[in-house]
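Going in written order, the chains are labelled A, B and C, and every chain counts its residues from 1.
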Amino acid sequence: MSATQFTIAEIAERFELPFHGDGTRVIDGVGTLAGASPSQLSFLSNSKYGAQLAATGAGVVVLREENLADCPTAALVARDPYVAYAKIAALFEQLPASPAGIHASAVVDPDARVAPTASVGPCCVVESGAVIEDGAILGPHCIVGAGCVVGAQSRLVARVTLVTRVTLGKRVIVHPGAVIGSDGFGLAFDRDHWIKLPQLGGVRIGDDCEIGANTTIDRGALEDTVLEEDVRLDNQIQIAHNVHIGAHSAMAGCAAVAGSAKIGRYCMIGGNAGVLGHLELADRVTITAKSLVTHSIREPGEYSSGVPLQENRLWRRNAARFKHLDEYARRLSALEKDSNND
Amino acid sequence: MSATQFTIAEIAERFELPFHGDGTRVIDGVGTLAGASPSQLSFLSNSKYGAQLAATGAGVVVLREENLADCPTAALVARDPYVAYAKIAALFEQLPASPAGIHASAVVDPDARVAPTASVGPCCVVESGAVIEDGAILGPHCIVGAGCVVGAQSRLVARVTLVTRVTLGKRVIVHPGAVIGSDGFGLAFDRDHWIKLPQLGGVRIGDDCEIGANTTIDRGALEDTVLEEDVRLDNQIQIAHNVHIGAHSAMAGCAAVAGSAKIGRYCMIGGNAGVLGHLELADRVTITAKSLVTHSIREPGEYSSGVPLQENRLWRRNAARFKHLDEYARRLSALEKDSNND
Amino acid sequence: MSATQFTIAEIAERFELPFHGDGTRVIDGVGTLAGASPSQLSFLSNSKYGAQLAATGAGVVVLREENLADCPTAALVARDPYVAYAKIAALFEQLPASPAGIHASAVVDPDARVAPTASVGPCCVVESGAVIEDGAILGPHCIVGAGCVVGAQSRLVARVTLVTRVTLGKRVIVHPGAVIGSDGFGLAFDRDHWIKLPQLGGVRIGDDCEIGANTTIDRGALEDTVLEEDVRLDNQIQIAHNVHIGAHSAMAGCAAVAGSAKIGRYCMIGGNAGVLGHLELADRVTITAKSLVTHSIREPGEYSSGVPLQENRLWRRNAARFKHLDEYARRLSALEKDSNND
């Protein structure tokens, strides 16, 4: 169904990858090693799928030099086949057409500025002072609040809310349901009730960031919440006010970062992991899934918390003992002392 | 206020349940044992609420044969009173009227196909190639993206987003804020920055599934993300790309499943539990709340991780000891060796 | 840029705070101790920022009497500087203008009642029987379902969904993406498939509550889900059906409460903490981040679960030992018995 097609030789030339086999074969899509057809391209990145390579029906496979001998079909040789595949596959992605201009059902404030090459979809609302830069795309139902900026070539897929004082850089992608620039959770306790602290800062999102579906990023209390460039956030992530995330860091689904935490560059935060407020993480820190970071981390490396999964009956016994761990440690020391005194 | 009413005898006949007491009494609603009025029906499913049965003001109670003697009012006898109650209560649910046809404020692409018996609510957006089948209901603010299919009698309650290549079966219910078919979180690391992998698959949701509010289900990278029939997802659940969930499995709020995991049939995943990527869970596996599944599970049964809640001061002492557990185990073994050598 | 300005003396008088220094100085905004300019007000609440006080460029600082001597600029003296600051800062917050009346793009049912002083923004949908009281503000894209009530002076920031049978008190703030009144997750297992229980209750939200972005609050199965007054919920929180939360309790991001749990007054629930269903928490209970509450708590105090974060290599060793904790405890007891018998 795709109109997009390239010969293997054309792909090889475009991505500067040596190829083996018949370069004239036409490729019109991509697929898994197990599922690809003779007109599709596949890839082998992890050698544990070597058996699938031997049996593949793909027309061409992107792989490392070392796997070439085992390839039953044409091959493109790459230093990092997964990266090469990612770039090639983008050729075959069909994004929805987003014609320049403002849909008749959109509500755009006269004091907003929308570039003529930008696309504003059905039912969008663009408030006073907002700026939509060249080639930016607002899918259906996006809200761009007062004074927000959507940088050039950025794409709000659908139903994205930028509340206020949010600036997106260039080529930022935001997925449906994401809310950026909502009030930080700032409260002062006044004897017997809560007083809300006004959230007077904004949010700055760097170039090439990606924000997942239903992810929330609060604006700062006084200064800004900041994501440097190329930060990648999966779905349902919560970023509290005044958080700062360094360039090229990535966070998996349902992770959460509390207020004023500062995460370094090239960090990897696992699914449903959490970082408490006001902590600092050095560059290149990895936190495994569901771990809770309760102190600052000064050294790169991988960090974890949690206990292993067990059959419930066994787990109950062990978990019950956890409540006495301190006592056990003391009893162990006492026994050792006893034993040494013997 | 409800216009719906039935005599006890009519209910008994419709659901094939024996009744005791005055069958001519009119019932116009349902309530708890403690709160129901004489014109309402209640149920006793768990014997620990037996004391409430004795004092109930309900007009009729659905219960097991064994509780009949303790019932001060009319009774309907069922093998499983909770199931019988669920079916009866549905009689008294008043769903909002959803007239067939397309609301004047909706934006429907000329290349979409909407069945004449379907209802498309205010501000909905239905894109090119989308199909809305017989009797399907789109509440206000739903977006049905290019090429998506909403099966017959399905109901998108309000503000549901189907991004692209999403197929819903029949009688599927999707609650507000849910996003289905968003990009999977696929990235390749190219020396010093991320490359996005295009997400070329779709999502297939089987008949009779239910998807909770603000839940997200990503579409597959190459093949589809799949929920078989009668899968029940609560609110704020995250389902990553290429996940496969077997029929009749249910997941509680805030659970999350990472990419390419395969969950069996009749599984129960507790609230905020997580399943790591590429794992497999057999049929009839139960995971308790907040547990993290870090390896595949081959046998049905109940599995858990975590440690018990304690008063913070006690917990701190025990948690600090956890960091030395390996050392304690070694010291214990050394003592035992010592003791045996005595 | 702000048109709002006050002299220090005016602020002092309005909030009944003694001041020191030049009361004629004009203040037009607020800032951090480190970042504030001479026309801005700052505060010192935590003495650990004392060094920042000495170096501040702020025009005036709200602080405790005891820090007055170290203040290089004008000062306002408060018993609780954070509370005083919260109240003063509100003077400088510029909320978007929300003109009374119904935007031309909104869809309001003729059987809804909207107060003339209320504001209904672009693309809002207000269904039959809904009531929008005096001075309430509905930002863009809000849905107020059949029979819902939005109390006087409440503000739905944008894209808020009230599904059905939801009543908000006065001065309630709801942030974008929040869904209130969605179906509770009620299922009965009928031999080999699920039966949905109709959710016939509603949701009642007290005065002065605040509900965060993408938070979900389900309506009750038979009776109502209830938040008493001044409950403060951060983003991405899940409140299941029939939960009851006492006045002045606050919950941080990604926390979750399962069905029919009852949380007391003045409780504090940490980020991503969970409370299982049908439990009760006394007043003034604090649960730390990511803890899971698995039993009712009768006494006020702070409670925790979880294990500390460690470098992954060390953590693995300790975590593996957790699976044998019960065995270790038995071996320890055996050794002690041995030792006593010596």
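As a working rule, a contact is a pair of C-beta atoms (placed from the backbone, for glycine too) under 8 Å apart; a residue touches a chain by one contact, two chains touch by 3 or more.
All values derive from a computational prediction rather than experimental measurement.
Asker: When the Cα trace of chain B is superposed on that of chain C, what is the rotation angle, expressed as a multiple of 5 degrees?
Answerer: To bring chain B onto chain C, one rotates by 120 degrees.
Asker: Same or different interface residues for chain A and chain C, judged by whether over half of the residue numbers are used by both?
Answerer: Different-residue interface.
Asker: Report the inter-chain centroid distance for chain A and chain C in whole angstrom, where each centroid is the mean of the CA atoms.
Answerer: 26
Asker: Can you list the residues of chain A that touch 2 or more other chains?
Answerer: 105, 123, 141, 159, 177, 214, 236, 254, 272, 306-308, 310, 320, 322, 324-325, 328, 332, 335, 339, 342 - these are the residues of chain A that touch more than one other chain.
Asker: Name, in rising order, each residue of chain B that touches chain A in their complex.
Answerer: Touch list, chain B to chain A: 105, 107, 123, 125, 127-128, 141, 143, 145-146, 159, 161, 163-164, 177, 179, 182-183, 185-190, 192-198, 200, 214, 216, 218, 222-223, 236, 238, 240, 254, 256, 258, 272, 274, 276, 286-288, 291-295, 301-308, 310, 314, 317-318, 320-322, 324-325, 328, 331-332, 335, 338-339, 342.
Asker: Within their complex, state which residues of chain A touch chain B.
Answerer: On the chain A side, the touching residues are 29-32, 35, 80, 82-83, 85-87, 89-90, 92-93, 96, 103, 105, 121-123, 140-141, 157-159, 173, 175-177, 208, 210, 212-214, 230, 232, 234-236, 248, 250, 252-254, 271-272, 289-290, 306-313, 315-316, 319-320, 322-326, 328-329, 332, 335-336, 339, 342.
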